[in-house]
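My questions all concern the structure below.
Note that the chains are named A, B, C, D and E in the order they appear, and that numbering of residues resets to 1 at the start of each chain.
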Amino acid sequence: MANYFLIILTFSPLLGVLLLAFVPRSLPGTVKALGILATLVPLVLALMLYANFNSAAEGLQLVQQWNWINIPVGDQAIPINFEVGVDGLSMPLLVLTTVIATISAFAALTVNKRWKEFYILFLIVEMGMLGVFTSTNLFQFFIFFEFTIIPMFFMMGIWGYKDREKASMKFLLYNGVGSAIMLIVFVALFILMGTLNIEEIKQLLTSPMSPRNVPDMPGFIPEGLRLGLFLALLVAFAIKIPIVPFHTWMLKAYQEAHPAVIMISSGVLIKIGGYALIRMNAAFFPEWMNQLSTLIAVLGVINILYGAVLALVQDELKLMLAYSSVSHMGIVLLGLAAMNAEGFQGAIFQMVSHGLIAALMFYMVALIHERTGTSNIRELGGLAKSMPIISGILLTAMMASAGLPGMSGFISEFMSFVGLFGTKPIIAAIGALGIILTAVYLLRATLGATFGPIQQKHESLSDAQAIEVVPMVVLLSLVILIGIYPAVLSEPLQTTLQNIVPRIGG
Amino acid sequence: MSVPITSYLLVALILFCIGLYGALTKRNAVVILLSIELMLNAVNINLVAFAKYGMFPNISGQIFSLFTITVAAAEAAVGLAILISLYRNRNTVRVDEMDLMKR
Amino acid sequence: MATLYANNYFLVVIFLSLGVLLPVVALTFGRLLRPSNPTEEKRKTYESGVDPVGSSWVQFNVKYYIFALLFVIFDVETVFLYPWAVAYDSLGLFALVEMLIFITLLIIGLIYAWKKKVLEWN
Amino acid sequence: MNGASKWGNLAQYDWTVMSPEFTILGVATLLSLLDLVMNKNSDRRILAWIGFIGILIAGYFVVQNTGQNVVSILNDMYRLDGFANAFKLIFLAGVAFVFLISINYVDEKKNVKYSGEYYYLMLMALLGAMMMASSADLITLFVGLELLSIASYILVGTRKNHIQSNESAFKYVISGGIASAVTLYGMSFIYGLTGSTNLYVMAERLSSVFQGGFDFLVYLSFFLMLVGLAFKISAVPYHMWAPDVYQGSPTPITAFLSVVSKAAGFAIILRIFLIIFGNLVNFDMTNGQQSSVLVDTLGLYIAIVAGASMIIGNTLAMRQVNIKRMMAYSGIAQAGYLLVPFATLTVLMFEQTIFYLVAYLLANMGAFAIIMLVNRDRQTEDVKSFAGLYHRAPWMAIAMTFFLLSLAGLPISAGFFGKFYIFMSTIVHSSYWLAGIMLATSVVSYFYYFGVIRQMYMRPGQTEAPLKVPFTVAAVVLVALAGTIAVGIMPDPVLQYIHHNFPLQQMFQASGQ
Amino acid sequence: MGAYLEQSLGLQNSLVFILSAVVLLAIVLGFVTYSIYFQRKVLGWMQLRIGPNRVGPFGLLQTVADVLKLLLKEDIIPKAADKPLFIIAPVIAFVPAFGVLAVMPFTDKLHFADVGVGLLYYIALSGITVLGVITGGWASNNKWALIGAMRSAAQMISYEIPLVMSVVGVILMTGSLNLIDIVEKQKEMGMWFFIPQFLGFIIFIIAQLAELSRTPFDLTEAESELISGYHVEYSGFRWAFFMLTEYVYIFAMASLTTVLFLGGWLPPFEFLSFIPGIIWFALKFVAIVFFIFWLQATFPRMRVDQLMQMGWKVLLPLSLVNILVTAVLKTVL
């Protein structure tokens, strides 16, 4: 069992797909129930993984590999393996994925048509996300990455609002460009290294003994090429994160797609970018990461400020959240740019924390939208009167997002900034400005929606039902758990980070 | 009394160019078919000239040209047949009027 | 050998030029002798004595084209029969078999045309 | 030797290696005779099935021939080697698919009237393609090329009373005629320089000629042949015919053109260029170094052709509203991708090409089967006819999705691995610009492929009535879908099969090795 | 002649070539003149008439007078005609007719060009005449002319195929396309080819009649229906050239038949070889010419559909069969 654990975890959503395929379309109740239940399987498995994870061990755990493809070159063959493994970096993200997936499955109850297809696609996306985090092989990473994109395209295009098709197309093309660039780098690495295993590539690129690092040896990789690969990877993941000039797909998608879809996207998918920056950019090219850390930091600051300023002027809640996501992902970049343990921890904390909070907030928006038919602040207002629970939790979530101490947002932002102040204090100081703005726009939006005069037609709306409250509570408690007991995350991370990023300081 | 090979090749080249020009610019479908025949005949001249005066004179050039002639005939026959059926339906042999599909 | 070859074709050229020359000379000579007095009526196209109606360059029966196509195909196939016939002695039995196949295919082509009523006039 | 003297030298050859070709020729002849003697109004679908069986038998013979040593008869006019077998299998599979699709298409009186001719003309085209794959002599290559071309001209125009069909057939004839003239003109120079039509003899003699100051003529003939043969694969300098012809032809013929005819074009291009120009070397006087002309000089031009095809095909495909036209431009782009391995010439060149062709075959055949169904049902070839297909025939829509994903090169589909393998060669060859174009245009292609997907899933159709799917079309779609996904998950068996059973080096070996 | 051909081209043998060609041309023109006379006489006898008898002794100068008359006639080119084509058409028709004679061997000594592919040359060149006919008919811009030209072209191309195929048997037996070789082969075999190639001979004769547009295949003329076919608008000497072409072809075809099937200049029996070859050639030649004129008095004209069907459905399959049978027999025997 232990041998196949990760494989089972990765493909566990497919069980639900299989079952759903046999449920007739005419039983929406069964479909929905089955859809939610199916997400519980990976959740349980992920929790088991967390429980059994050995935080002290260095490197990957539960490693498994199978020969998949052999590329014949002359008489010999270069293998591409199917290999899985988990370490302190991917484990929290795996758990995050399953949690968000389950919550999103609940949020998807508000979907109004074609539940069967929705849940099938949804589970395929979940499989893709899990696969991305369990793969220790670039090729496999890429394939699972694509597995998240294509079903997402369908989900955005079929279930959403008026302009959904354009949004999905935009999403597809942006991410297509990103993955295309990624593929270039992966294939280049494959050709240069002769392997696609992330660990082996890291060894070959960083170990001083490796012929790749000794000039005049065959296979030596000059710095220029390394820089090129590094930048290409950066661009590829920048689209995913997204870093500012590449963020437009996200605005459109967040505006038009169904909230349940956005929960996955905002909660997990965009984290893949940050994850890959650590996994690949920082691990493969630590020198360049170091040298260009200022650039990354500047990009991060731009993200924070740009996102915050624009979030400030949005009336549309979803758009506001989209800009807020941009802003928050900037903090991830800041943490990475610090190039020290605190910074990296902060970045990962921020990813998890933002994942949870963003999911929560979109869930709230979904509930509000379902009831009022709008998510525009101007058309809302005074909701606290008719739905106090929703309003209350929304307020709490906003505070968590703004980085209120005691919640996860605070820890992550704190650690990121501490890390960056150690190396680039000026940039860190500018970035910190963004935190203030965050509080401002979040409060503006939340208060605008919940307080003030209520509109006539909103007075009789019902509050959240018990089953709708469960996900909120779960998410909120996780946010608070990380906020007051960060060790749940930091413990497995500690040893792993040292292992992943060779040049990382103390 | 022997003619240098370049003159044969030159004739072929001129013929080929006339054919190509005609095939690309003429409006009348029959003229286009004829232009193509012209190009193919340029090839035949080339082949036969090479077969006699080439670097390695041998008969395969002539054999090749036999096949070229046959194939050209078959192609022209098919082309004409199609043109006839086109003409029956559209009552034109002008190529610039064959524009039903541009979009 | 080369002179023989060239001379043979020189003769051919002589014949062809004579073929051109004769009409040219005869017509030029005739021009000096014959009267020339063209009038409208004379130069009118003949149409059983009445004024001609329209141009005669009109759409023609497609039958002719189809026979032309048939001719092209069969005539060109003889291109292969001639070399085969000339070289028949040196090729052996196998060439016979091959040509049997070839001619059989030709005959099938003919039967095809026959069956499709292409060979009918009218 | 007594028997030999009576029967002539020809009888000494091992004619059994030609059994696939003989089968096809025999079946085609049989079909034509049957068609003649059959009652005018009787159902001619039986002819299709006879033809189909013939194709299967020929396929069996090809498989029997697979893995054998090189056999060359008639002075290399016919060669049996791995290269030939691989392509023949692709042709046979392609035509088998087309037959199955056609059975439902031709059946209707209004579509194609002379169904007997339709089938045996297609077999003749197949025969031409097979000869193209299996010959190392310019004459036979050319005759095979023309047999394929001429049969396809007629096939394109089979809808005799359909104006567009006529028009596209005529355009096809004209473009094809010009293309073959240009190709032949190029061939004639190569022949003149080497005095032989046998590719191996040509290759042998060409190097000395090349260094003897005739390099200009060698380049000239290379370009002429490249331009002319680009017609068959609808690659860029000669692609303009494709949209019109694809649009006007009967849909199964469009599928035929886009797969079999194109694959045959690749067969002849690879065969001619690899052998003739394969061992040409450029001698650099200054440092005394040799460099392969094909790899270093000509490869660049082929790469340019490939890149231009990708760019033009993909960008113009975006503007199309007619699905067949769109597929035509997509086919132009695919030709560009398929030229990449040849332009880069890595050790895996042949495997990459064949693998991609297999993936392309599956995806395109499946796609055209569905396109035919939908177009016929909706009586329009507009992309919009796909609107709401998911609600009418969910499995067809899902299958179509996979075919389009495969064409776009996205996992999990055979097309993804096809592109991945090809992509590797660009990186190995360090043509990063080509890799860049390849990926950038792939992303562009998402736009129109997903445009169709959008119609199928996200737009309401004019009708919700279930689409009737005939058995044969369903079979084609099923096989293509299964193949696309299976190869998309486990590409290894196919790749290994190609690698071990169709060794490219056989192409350069003499008979009996 | 052979000796001159061996020499390299100089002033002397060039002159010889040119002069001999001119002489042949004169002979041919003479032949045409008197074959018309001959034809009229033959027809007259057969129809119990006298035929031309006024101009000169026995009317021998009748045709000469006709030619003179044609020369003096006004030359009219219709206004609606395509003038350049109208003028060039008779030339196109005439040149190949005379050109084919370049390869015709009259005896083993008396011949002009000794071309290796003589037979092919003959067939290829003679096919061009149909272009002249079509051009003439089309350029006239006259409905009858055009119909006549089309019919004539259809007939000529339809019968060209059996004609071309029927000689394949002869080629098979000889293994050469050289006309001299073909006669030599008949000498060697001791048998004229019309015996082993009887089927081919019959097909050849029939097809040849059709090619020449002689009765019973003279539909192109068809005075009663088409006035006179493709040359209805031609007058004077232009018209004369179409006529000339026709009779020169009779000359050429009769010669070719003699060479291919009747042993050329060979005597029928060895003991008769003291008589010069040219006499034998002339005898056979005259016999064929007579035969051609004879038919004119005997057969009615065919209908156009009968004509086409005869060519495609009878002669073509027969000639294919002839090829097969010849090849098989040659291998078996």
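Here, a contact is a pair of C-beta atoms (placed from the backbone, for glycine too) under 8 Å apart; a residue touches a chain by one contact, two chains touch by 3 or more.
Chain by chain, the UniProt names read as follows: A = NADH-quinone oxidoreductase subunit M; B = NADH-quinone oxidoreductase subunit K; C = NADH-quinone oxidoreductase subunit A; D = NADH-quinone oxidoreductase subunit N; E = NADH-quinone oxidoreductase subunit H.
Quick caveat, the model's predicted, so the values are computed rather than measured.
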item	value
Set of chains adjacent to subunit D and to subunit E	C
Most widely separated chain from subunit E, with each centre as the mean of CA atoms	A
Innermost chain, taking as reference the mean of every protein Cα atom displayed	D
Pair of chains whose C-beta contact count is the highest in the structure	C-E
Subunit C and subunit E, separation of their C-alpha mean positions in angstrom	14
Gap in Å, rounded to a whole number, between the CA centres of subunit C and subunit B	19
Euclidean distance of C-alpha centroids - subunit B vs subunit E, Å	32
Distance between the centres, which are taken as Cα means, of subunit D and subunit A, whole angstrom	43
Set of subunit E residues in contact with two or more other chains	9
Interchain contacts (touch definition) - all pairs	A-D, B-C, B-D, C-D, C-E
Sites on subunit C touched by subunit D in the complex	91-95, 98, 105, 108, 111-112, 115
Residues of subunit C defined as touching subunit E within the complex	3-4, 6-12, 14-16, 18-20, 22-24, 26-27, 29-31, 33-38, 40, 42-47, 52, 55-57, 60-61, 64, 67-68, 70-71, 74-75, 78, 81-82, 85-89, 93, 96, 99-100, 103, 106-107, 110, 113-114, 119-122
Residue numbers on subunit D that touch subunit C, as the complex places them	5-11, 29, 32-33, 36
Touching residues on subunit A, where the partner in the complex is subunit D	68-74, 142-143, 146-147, 150, 153-154, 157-158, 164-165, 168-169, 172-173, 176-177, 180-181, 183-184, 187-188, 190-191
Touching residues on subunit E, where the partner in the complex is subunit C	4-9, 13-14, 17-18, 21-22, 25, 71-81, 90-91, 94-99, 101-103, 112-115, 120-121, 138, 140-146, 150, 153-154, 157-158, 160-161, 164-165, 168, 171-172, 175-177, 227, 232-233, 236-238, 240-241, 304-305, 308-309, 312-313, 316-317, 320, 323-324, 327-328, 330-331
